[in-house]
């Protein structure tokens, strides 16, 4: 697999990050073409979350840059943000709202191309759409958070520990979701401990501190 | 602009749900005002003289009590990251949240002010400048308050800090709001005071947008 | 390693400059304040209107000037920190706040003591006193915010934003307080700035003000050095925690 | 001397003003110097600790 030959969409150039006087990673380079996946591995506090936040643009890298279709994502973030779907540690759900309303807000706000109903279908939560989100189990809340990504096919998904609190069946469902996303030309970058089946994914192991 | 309205509608809906901010803030406003006659005595003449001041100061406090949760929940559940990653600039996110905050606190306080004025024997001359002043001043309270609320994110004892940071900055809003009422009672032109109150609002718009967005970026770092 | 050197570069330069400036500032502060004290307490004649109470002016007015000067310095430092990310600016702004608060306290207390014989009351809601009181609150907020975070740098950056917002608001606050004050027409107005000040009173005042400024520099240098150490301590403690993990 | 201390009858105004100024400003100076000394001590201890852990 040589991503450079296939016109990469996302390029990271010599990314370095320092937090609280501690070097997390330095000189990271990678390029991902549509359909590619990158799995980040490494122990706790090795910088997986920070790398995802740097890629998203929430955290400033100490050095280096991230290019999306040739444009620097810091200087010209509009295209990148339209294509980017981020799943962090939090689920970004309001317990007072129903499942459908939660997803509906993010779909409107992020101008998702799929309807909330289709996205709920993808994570198998359609039958719970009218329940308050506070009634969902932790695993179901995580699936609802994943539905937000399912509503936005085609771009780049950044996922921080997407399998946390998911049961085995849901992990399989997530694998299928990622596979479909890639088949549609999407890119997936995920940080995970567990062995989530992501076929033909590049693996980047962090945590070898100098 | 639809992302903007979606955010305003979500925040208003959150605040007006059962147990939401809106009802609690209004309850606080009414109860605090009702305490004053207990504190200074029921003398209608005395109450009438200080009525506008009571209403204004209580409006300031009501704005403060609801500020702590303006950004905190969004930070804790991860929503703030997503708001920051939308194509809409973070400055507009701050303004949308301020607008929602005003709709559920400042606006009801303004609408309730005549009722409170009646209970406190406010002079009939004072109603118009009081309400117009509040209508212009309370959005400024939400905006300046948002700066404080965003600065204390991630701080220890954040809630208690907001008052210390924000109340000194509220003084001009209070002074020009009150001076409009005083001018009306003295038979002087009210318009200059109202215009300055409007100018304070205009100044606080960009100030809140930029300082608030800067502080939010800091909190997410 | 290069980034470590970079972060040390400006503090090292500060240490060098500070080593040169500090002794001069200390000598100037002691000399000028000593001189000013004798001048103000012994040689200045009593005012024909206010008598000996006018001697309060020689500590009150310089303290009031310094209270505003300190905030202006803090605001400029904060802007430069926010725009150019100059780490030393952050430390200097943090180091300034308690000094400013101290000068503001002095101005408030001496003003209040002076008010008793001149206005007949310790506190008058006079436009000047009121706006100095608000300035005091701004200092308190800045100090509270900069110390409210577990991460010192976070606190510094939040406090910098607050200092800039406060600086934009200060003229509005000052104007509004004056407006409010004229609207209410205070009962007793015996202005201390009524007659233009005679040169026999102006010179000791200027000497005192220069002494206070030198004293401010002394305090600032000590406190910046202390802030630098606190930052270094935090870095070392983090290292130890990371090694222990 | 007594006349000097009396301050034309305003001793209760003048002397407390100078006293308060001295107490606050010298107080902040002393506090800052002690804080500096304490931090220097703490820093030296940490540096020594680091040296020890590097060259055991």
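Just a few scattered comments:
In this document, chain identifiers A, B, C and D correspond to the written order of the chains, with residue numbering beginning at 1 in each.
Operating definition for what follows: contacts are C-beta pairs under 8 Å (C-beta built on N, C-alpha and C of every residue); 3 or more make two chains touch, one makes a residue touch a chain.
None of these values were measured; they are calculated from a predicted model.
With respect to subunit B, maximal separation of chain centres occurs for D (centres as means of Cα atoms).
The most central chain, judged by the distance from its Cα centroid to the centroid of all protein Cα atoms shown, is B.
Averaging Cα coordinates per chain places subunit A and subunit C 49 Å apart. Mean C-alpha positions place subunit B and subunit C at a centre distance of 31 Å. A straight line joining the Cα centres of subunit C and subunit D is 16 Å long. Centre-to-centre separation between subunit A and subunit B, using Cα means, comes to 37 Å.
Looking at subunit B, residues 221 sit in touch with two or more other chains. Of all residues in subunit C, only 37, 41-42, 46, 51-53, 55-56, 59-60, 63, 98-99, 102-103, 105-106, 109-110, 113-114, 116-117, 215, 218-219, 222-223, 225-226, 229-230, 232-233, 236-237, 239-240, 243 touch subunit D in the complex they form.
Those residues of subunit B that touch subunit A in the shared complex are 2-3, 6-7, 10, 13-14, 17, 19-20, 73, 76-79, 81-87, 220-221. Residues 82, 134, 137-138, 140-141, 144-145, 148-150, 154-155, 157-158, 161-162, 164-166, 168-169, 172-173, 175-177, 179-180, 183 of subunit C touch subunit B in their complex. Within the complex, the subunit A residues that touch subunit B are 53, 56-60, 77-78, 81-82, 84, 86, 88-94, 96-97, 101, 105-106, 108-111.
Of all residues in subunit B, those touching subunit C in their complex are 147, 151-152, 154-158, 161, 164-165, 167-169, 171-172, 175-176, 178-179, 182-183, 200, 203, 207, 211, 214-215, 218, 221.
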